[in-house]
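Note that chain A is present in both complexes that follow, paired respectively with chain B and with chain C.
Showing the complex of A and B:
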């Protein structure tokens, strides 16, 4: 596979598609939200004390509004898993190629992952508090997702702790890949642990009616497009920032080299002057010993004069 | 209101602030990230401008 720097044509196409992806994503999510609160039916909760008829339909359970969080909470969570997969992929590519462009991509993807994880956590916690009466439950899905959040935060702590760019990129790539292992575990945990009380959305037998499935899918694709657009925008900014930092470093190195060269030149001149004077001093010394002291004084004065020059 | 209907919708109104909070929270987090990105972009463009000026000064100095 070619280096990212050689993908100019593909990158140009992606850049052109970026505003389209953002707008389409935002529109899909907006349609999802409107559909959720207008057309999507309320799901059924606890049993009523006695059945009743509403709009010609028999109702035997309470109706739940809190479930509507699911239409945006799940797409955001799925987007966080998807972007994390890309972050790990770029980390693997970095380890294979040592191309720092992949490190920037991986870091950018991790940023987007953190944003989506925080959004998932906020919406999920509000649902948890309303439905379960507590802000937090050490339930398998919540726990593994919380670990994922800690790992992503740890990734950025590690990034800021290492100064050497090469080591930082290598260590963070390895850490990112290891952190990604938790993503599929968190995604699958509700199926792997039967005692999990977290609702399961992705099931072959979920049987969501079209009026609920369509807004969910709109939200899912919309949020994936928004995540992609955010990633591309952030990547462009991060790549520019990295380039600026490298240019600054190159300019500073150039300045330092110029200063060192000027200092070396001055030192050379000084040494030449000193040597010249010492040679003159040595020539004159055997002729008259008494005159040695004033001559040394004169040499010292000349050297200090040369230094000042 | 019919007591049965009141029971049917008993959890709808209490849940509304949480549902609205969840939707607003998600958009707020995304907006904050966009804000951070725009500030970072501005910072980068300021840096580019500074570098450009430094380069110009250097070229003028070299020319003299």
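Showing the complex of A and C:
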């Protein structure tokens, strides 16, 4: 056990900060969304075949409203990578300490990762449809991210397939680490493969104008806070579930011990009765019915065998 | 290693893998029956070849540990005073050998069935490099994952579910290198070497990870 008494103080503050983190995160994300649709400039897309008037202005290129997805898509994706790193970190910690608390943390982080990955896939898929005109392309970033999703799903299938909790924790930690290897690959691949259509967004010289950069950063930090709060909430539930499970097992063990003690006692009593009967058998047997006699004999031999043992 | 001796006696695994590969080739035959033109087949022959290898190795990896559990051998091996990493290397090597033998059997059949009428590019023998790098990675990752899935419910499916996504980057790189070698167009060999390098880096990372983590998988 991880000496809970020393951590109570820190954990208490964390728990108290939790609603704050959730609210601040949600507010930041909301501000991001509102800013995105009001203040952030539209992005120039492909050339139009003829000039059109949109909102009182003559434009010659298509203004990409779908570009707004970017302000949510990227923060969610970054949050999924960040939480996945924590999941792998907890998996390593579990293998080092064999403390089941870390297994619960790793699993919890993976659950949050799955939620964020699905959100990223949905927003990204809308993007590919409205910007690139197809629902899916086997493009390096998309492919590696898709693989990441499959790995996380595989993680949970693996979890469900093993019954023994100790082995399940170990195997899942190992697979979590193996699965995490794909995360940096997916993150870096747009930089490594220059032909990729997927833009490299996460960099210091992004060249975004402040009206676009500010909501993006707000959304990013908001989403990270939301991810953190979700993780903590899920962790509280999972840790409680683990505790309940352990208590249940302890109770069952106690039950088993109690029933074993009762069985032992009953056996002892039976033996005593048997011995008593054997003593009484000498004069009782001849008087008994014929049908009852073999049974008595059997009990007597059983008892004598038990005594020899 | 005793695996090889046992295999030489029973030939169980090799036979089933080779027959399975032959069946996959038959399915390809049905799938490609309407394509006809061998020139087109060359363009995705690399992909076909790798799909064949992945499916066959899945079968082989599933089987490679089933002997162990059936005969309670794994416990015996683990009782021996050797490092777990050595067990991993031995298992991975024997898996690698099986895969290599199956590839040696299947590759001529693949050429015979699908590429016999085609004009092969002069660079075709270069597929040996991605084949080698890829098989090493498949054996390494597969050994780790099949050890994990061996005692689970529905292990055959589970191995596939875990194995295919993990192996995917390697598969991608190998297919790209193999296809370049099949097509043999001048000036595309930059891709060939990059892909082989990516696959080799993947091998190193994955085998190092598997090697380090193997202790936790077989422990207890």
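By our rule, the second predicted complex is superposed on the first by the 257 of 309 C-alpha atoms of A that agree within 3 Å, B and C clash if a C-alpha of one lies under 4 Å from a C-alpha of the other, contacts with A are read in each partner's own complex, and residues count from 1 in each chain.
In the analysis below, a residue touches a chain if its C-beta (ideal position, glycine included) is under 8 Å from a C-beta of that chain, and two chains touch if they have at least 3 such contacts.
Since the model is a prediction, treat every value here as computed from it, not as a measurement.
Aligning the shared chain A places chain B and chain C next to each other free of steric conflict.
By the touch criterion defined above, A:266 reaches neither chain B nor chain C.
After superposition on chain A, the vertex angle at the CA centre of chain A, spanning the CA centres of chain B and chain C, is 130 degrees to the nearest 10. In the superposition on chain A, contact of A:147 is made with chain C only, not with chain B. Contact with neither chain B nor chain C is seen for A:279 once the two complexes are overlaid on the shared chain. With both structures placed on the common chain, the touch criterion links A:76 to chain B but leaves chain C unconnected. With both structures placed on the common chain, the touch criterion links A:95 to chain C but leaves chain B unconnected. Looking at the shared chain after the overlay, A:33 reaches chain B, while chain C stays out of its contact range. By the touch criterion defined above, A:182 reaches chain C but does not reach chain B. Distance between chain B and chain C in the overlay is 24 Å (nearest C-alpha pair, rounded to whole angstrom).
Across the interface of their complex, chain A is touched by residues 141, 144-145, 148-149, 151-155, 158, 161-162, 164-166, 168-169, 172, 205-206, 209-210, 213, 216-217, 219-220 of chain C. Across the complex, chain C is touched by residues 95, 143-144, 147, 150-151, 153-154, 157-158, 161-163, 166-167, 170-171, 173-175, 177-179, 181-182, 185 of chain A. Those residues of chain B lying in contact with chain A across their complex are 2, 4-5, 7-16, 18-19, 21-23, 25-26, 29-30, 33-34, 37, 40-41, 43-44, 47-48, 51, 54-55.
For chain A in complex with chain B, the touching residues are 33, 42, 45, 48-50, 52, 54, 59, 62-66, 68-69, 72-73, 76, 111-112, 115, 118-119, 122-123, 126-127, 129-130, 226, 230, 233-234, 237-238, 240-241, 244, 247-248, 251.
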